[in-house]
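After this come two complexes, each holding chain A, first together with chain B and then together with chain C.
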Partner chain A sequence: MAGMGRYLVRRAITFIPTVFGVLFITFTIAFLMPANPARVWAGGQKASPEVVQRIRRMYHLDEPFWSQFYYFTKAILTNSIYSPVTHNLVSEEFMRRIPITLNLAIMAMFMIVVMGIPMGIIAALKKDTAIDNAVRVLALIGYSTPSFWIAFIFMWVFYNELGWMTLVGLPRPSQMITGIYLVDALLLGEWKTFIDINRRLLLPAFILAFISVGGLARYVRNTMLDVLSADFILFAQAKGLPPFRLWRHALKNSLIPVITVVFFMFGGLMSGAIITETVFGIPGLGVLYYSAIANLDIPVIVLSTLYAGLIIVVISLIVDILYALIDPRVRL
Partner chain B sequence: MGILWIKFSKKLDFVTDKLVDVYAKFRDFFAPGWIDKNRSRIDELKLMLRAFNRSPLGVFGFILIVFFFFLGIFGPMIAPEPYWELFRYPRNMPPGWMGHVFGTDHYGRDLLSIMLWGARVSLVIGLLVVALGVPLGIILGLIAAYYGGAVDEIIMRIVDIFYAFPALMLAIAMAAVLPTTISSFLYKVPILEAFFTTLFGIRLYDSGNLGPMLAVILAMVIVWWPGYTRMIRAVALSEKEKVYVEDAKALGLSDFQIMFKHILPNLSSIILVMVTIDLGSIIILEAALSFLGLGAQPPIAEIGRLVSDGRQYWPDKWWLVIIPGTFLFIVGLGWNLLGDVLRDVLDPRTRRSIEFGLKERPVYFYDIIGLIGDLLLIGGFIYIVLVPVDVPGAFLMSGPLIIAFILWKGLDSIGILRKFRIGKILGVITYYGTYLLITPYLLPGAFNGFLITLAGLIIKMIRDELETMRSGAE
Partner chain C sequence: MSNNVMVEVRNLKKYFPVRRFLLSKDYVKAVDGVSFQIKKGECLGLVGESGSGKTTLGRVILRLIPPTSGEILYKGKPVTKMKGEELKEFRKSAQMVFQDPYSSLDPRMTVFQSIIEGPRIHGIDVGNPEEFVTRLLETVGLKPEHLYRYPHEFSGGQKQRIAIARALAMNPEFMVLDEPTSALDVSVQASILNMLKELQAKFGLTYLFISHDLAVVKYMSHRIATMYVGRIVEVADSEELFLNPLHPYTQMLLASIPIPDPKIAKNKPKIKITGEPPSPIRLPQGCKFYPRCPFAMPICKIKEPPLIKVGNNHEVACWLYE
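So, the complex of A and B:
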């Protein structure tokens, strides 16, 4: 495990600049904000000059780049950035919304994995058949579908016509354990809440999954085909292993890169969740973002981007460490 | 349909061969002797295009893209009405109202005209993002791969930082803060203002909207380049180890020449495929941003904006969402089909399998029957869309058809069931059964369209039977 320790140190060294870079980019976004946000926040054209001046001083808008960066970092570390529109603490607002978006993304990820990996395996085993082509077309359709368009069609079928889903409210379980509503409801055994949450979130999650499931299936198919043509499979075949055992060996080797791709999909899912949430009116990050754009609420936009970026950086750190534990080749 | 397509694509081969010849003559005209020097390259190009012709999906995607380019370039010229005349007609009229093919939109304009204006905006934004983002990504990727060491480390860390953000969130944040900066810059450079208004096909009067539109483009460039850097670096790393790079170094060529004159041309096919596929995603992401209210504001025509304006009337006035959305879907599908087939055609290994995988054989009777079945399947949908004008119905109908096909082909591919033809029969029964379930949601006239598709399905069953009989006889 000597290599492991060195790997962890190296990974940690690249982790810190990434976090700093994420912070720097988000600050640059904030720095580029429209010429006179103070006037907008103070109430538009009618705002008195004194109030505008006070807001400019409050947000240090007149100071040079580095000085503003210092205040920005300090404010983030002391957690004291308020939204000038809603007067709420931005981090609190974000924490209130993120479980819902994560819930949606996790449900979608579950569906993608459950549908995509078997589809990819079958497509690889039945290469160049109707099934393989169907997976290919499904992937292409998924890539080229605008998520808001498909969301409206599904909404019409399952809400307006069939009535299987609801469009208002989001029941929450009586207690928070993990912070993810669905898991908490399941852990507490509150079945009614569980079903209600599903009625609300299953369809949006399915739409999110629909867009990426074909892509994952194609990826699994390609890695599986690569592994199936590797020497050790040929050797196992020559040894006379039955096909089922052969596939199991191939599967083990091809799923390792797939795990990374699945985790990298998370960023994409969070992006997609913004659109889907806006369409379905789910009070997650998407709606927060949507209203922030409408109100020119730059602190909310910038900080939410920052927090989402940090979540992904931490997730990828964890994945890399797990990866090094599973696959010794990475540590070299 | 396979053999019929091969017969047809032989005709296409003549066209593409002619095109390559014309291109070669053109090059020869400017650089005499070009044809003699590049004879093998011309043959390679012809073979590539022939392999492309063998794929119906690729040709279909190509036609869609040509159509999209046509709409994007000439749309504003052929649009019957200008985009800036608001509330000329009553709002949200259905398709076919008073001769307006797509009806009218949220602002009382002819929806068809607005779509034509919007196609130009989509096309220009997509091309600009590629024109700015791809070279940046390629240059940085090549530099990172070629020099390695600290340079590589720094560039890749920057890429990692951009990868850390969810793409749409970063794009939204950028597109939300950039417009004012860009607008004030454009205000100082009137020539750029005039250039972009012409490019987007908008009036100079609406040039205030250029800021938000260019902000969206810049935001997408910022989101897009890291992907190219990562990919180019990965490919260039293996390319760098090849002998020709060593030779070039020994000859004393500069790093710049080696990178851009010798390594880059070898990556061109990969870049072409990636750009083709990405153009679809860029157009859809742009629509998503304008759906969220970023980018150009009305009266500028933007497809995503049309959907977002029409969503409040969903599903009563479905055409406001379905028509622009379908346009986006078709454009995205066109780029993706084209890119996917190009990937196969440009990769020598898969191209060989395409070339040798197809066997010439005479056209049998069942091929004609199969073609009739396919035409009926497609015809049923076209009937529903055109005659009872039931677009949601057509979407709803495609569900049962997909399930039927999965049961049919899926169960059929498992050897045991083939003997009993259970898969096919189950497929047809499921199609009929699920149709009965959705009947209440269809317009009355949709039934005929359903009968047509059902007939197509059954005819395709008969075709399969004839094929097995034939191959059994041989």
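So, the complex of A and C:
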């Protein structure tokens, strides 16, 4: 693993320009938007011209592009960006919301992996049977159903009719250990909190999982079929390996590409689920984006995009390192 | 039946279903009524163009895909009915080498792991495993330092050597060699073929050598069977087949071998290969070669010729020799 250190240094060097590039592009797009944010922040149509003018000056909106970009970058580096709409420090806002989104993402990802991978494996082994077709249909439904619609249906069934779920508040364990609420509640033995968290987050997590699980299952199926058709599997059969050894050959080889997909799905979930969080009223990142867009809260919009970009960069770094660790063919 | 027959195939058929529009179902008749014997220590060459069912036949014999009907006898025992210990013994004794060395080794296993896996599963006593594998590597012309490398660190020819070593590790008696050299350079081909020949002599192996390359088959085989759309159309001793090909299809195949010397090439009878093999789904009635055959007669269109014994160890499925 001598190459690993050098690789990490190289990646770190490209990291900064990448992030800077994302920042520049999103800032430029925000700058070019044909809107008058100062007026919106001042209160809209009824705002007096003096107030609008004062806000423009306060946020350097009357200055040229490069100057604005300079102030914005400087403010990021000194952690002094406040939302002009909520007047909160944006980094604090993020820190408050990331754990919530993280919890939702982990729950959803857990469901996706636990359901999707076995489903894909079974679909591959029972290719062109009813099971395989069921997985195909499920994937299609997941892809094509609007998530807010499933959310409403589930709310109606599990909240209105059955009353199993709650839709307000967000219970947390008394102490943070891992930062994952469910695990912490279990570790602390706080059963009531554990159940309450489930009642609150299970539905939205399931909806997030439902959207992606079929896709992952299909992906697992296809990589699995690819590997199963390779000659080394046939040879393993010819030399009389028992089924579980055959499976080991097949799984080890087909799960490498699956790791990439799983991690990027997780990255997507970590960037916040705008629709699901908004529909369920969960105060995560998704709701933050939603209100930022609705209120033309440009600093928050730009920073959210930057955050999503960061997540992708970090995830791809993790995937690369994992590849190097598990696949002998990859040299970093 | 005599004791020196290693493999006997009787009227073997393998049909693959192809789903067509809605209800109607068709079959690809990959192997359609094939019978032959392979004697102990012999190399039977199987030639035919792409899609003639050679590979399928090899796989069915090793019970990697179940036959539709027919019988395979391995040392007198029916392969399809084997169970438990008997099947385990068969799996140990009959091995395979594939055409594509790139996909025939598990990319995530070292050479050592790949080779030792089989003997371990079968509980073969190999003494010191590292020495055992090293010895095998030397047998196939590789070096001890290759032991812990991964497949991607080798060339195609080296990979094929590893695949052969992996098959040898099981101490087999019978090997299906499915175009083991057609993915390799000519120079590498030659060395692999020589090695296979030496191994055969050294360990008394029986080969089923599948190839579309007639020159290679001639070099390797004692006897040669020609396959055409799922059927064997001619079987003869290697020399005999090349000197005296009887089936028009075999004649065509032989005529297609390029001859390096133009003087000799000039005198060679010219039979051009015309047309293409029929779709294995919609086969013509009668002789399957009829539409392409320059010597076709009325009977060929109606009735399919059986394998007719024409000489010493020479059989041909053609009405010309009735």
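Definition applied: the second predicted complex is superposed on the first by the 299 of 332 C-alpha atoms of A that agree within 3 Å, B and C clash if a C-alpha of one lies under 4 Å from a C-alpha of the other, contacts with A are read in each partner's own complex, and residues count from 1 in each chain.
The rule is short, and it goes like this: a contact is a pair of C-beta atoms (placed from the backbone, for glycine too) under 8 Å apart; a residue touches a chain by one contact, two chains touch by 3 or more.
If you're wondering where the values come from, they're calculated on a predicted model, not measured in any experiment.
Shared-chain residue A:Arg245: touches chain C; no touch with chain B. In the superposition on chain A, A:Pro171 makes contact with neither chain B nor chain C. Comparing chain B with chain C, the partner in contact with more residues of chain A is B. In the superposition on chain A, contact is made by A:Asp231 with chain C only, not with chain B. By the document's definition of touching, of the two partners only chain B reaches A:Leu140; chain C does not. When both complexes are overlaid on chain A, the residue A:Gly281 reaches neither chain B nor chain C. In the superposed model, A:Asp327 lies in contact with chain C only, and not with chain B. Residues 57, 157-158, 160-170, 172-174, 176-181, 184, 277, 280-281, 284, 287-288, 291-294, 304, 307-308, 311, 314-315, 318, 321-322, 325-326, 328-329, 331-333, 335-337, 340, 357, 392, 395-396, 405-406, 409-410, 413, 441 of chain B are the ones touching chain A in the complex. Residues 14, 17-18, 21-22, 25-26, 29-30, 32-35, 126, 128-131, 134, 136-137, 140-141, 143-149, 152-153, 155-157, 160-161, 267-268, 270-272, 274-275, 278-279, 289-290, 292-294, 296, 298, 301-302, 304-305, 308-310, 312-313, 316 of chain A are the ones that touch chain B when the two sit in their complex. Listed in rising order, the residues of chain C touching chain A in the complex are 59, 62, 64, 87-88, 90-92, 94-96, 98-100, 103-108, 110, 117-118, 121-122, 150, 152, 163, 166-167, 170. Residue ranges on chain A touching chain C, taken from their complex, read 230-232, 234-242, 245, 249, 252-253, 327-329.
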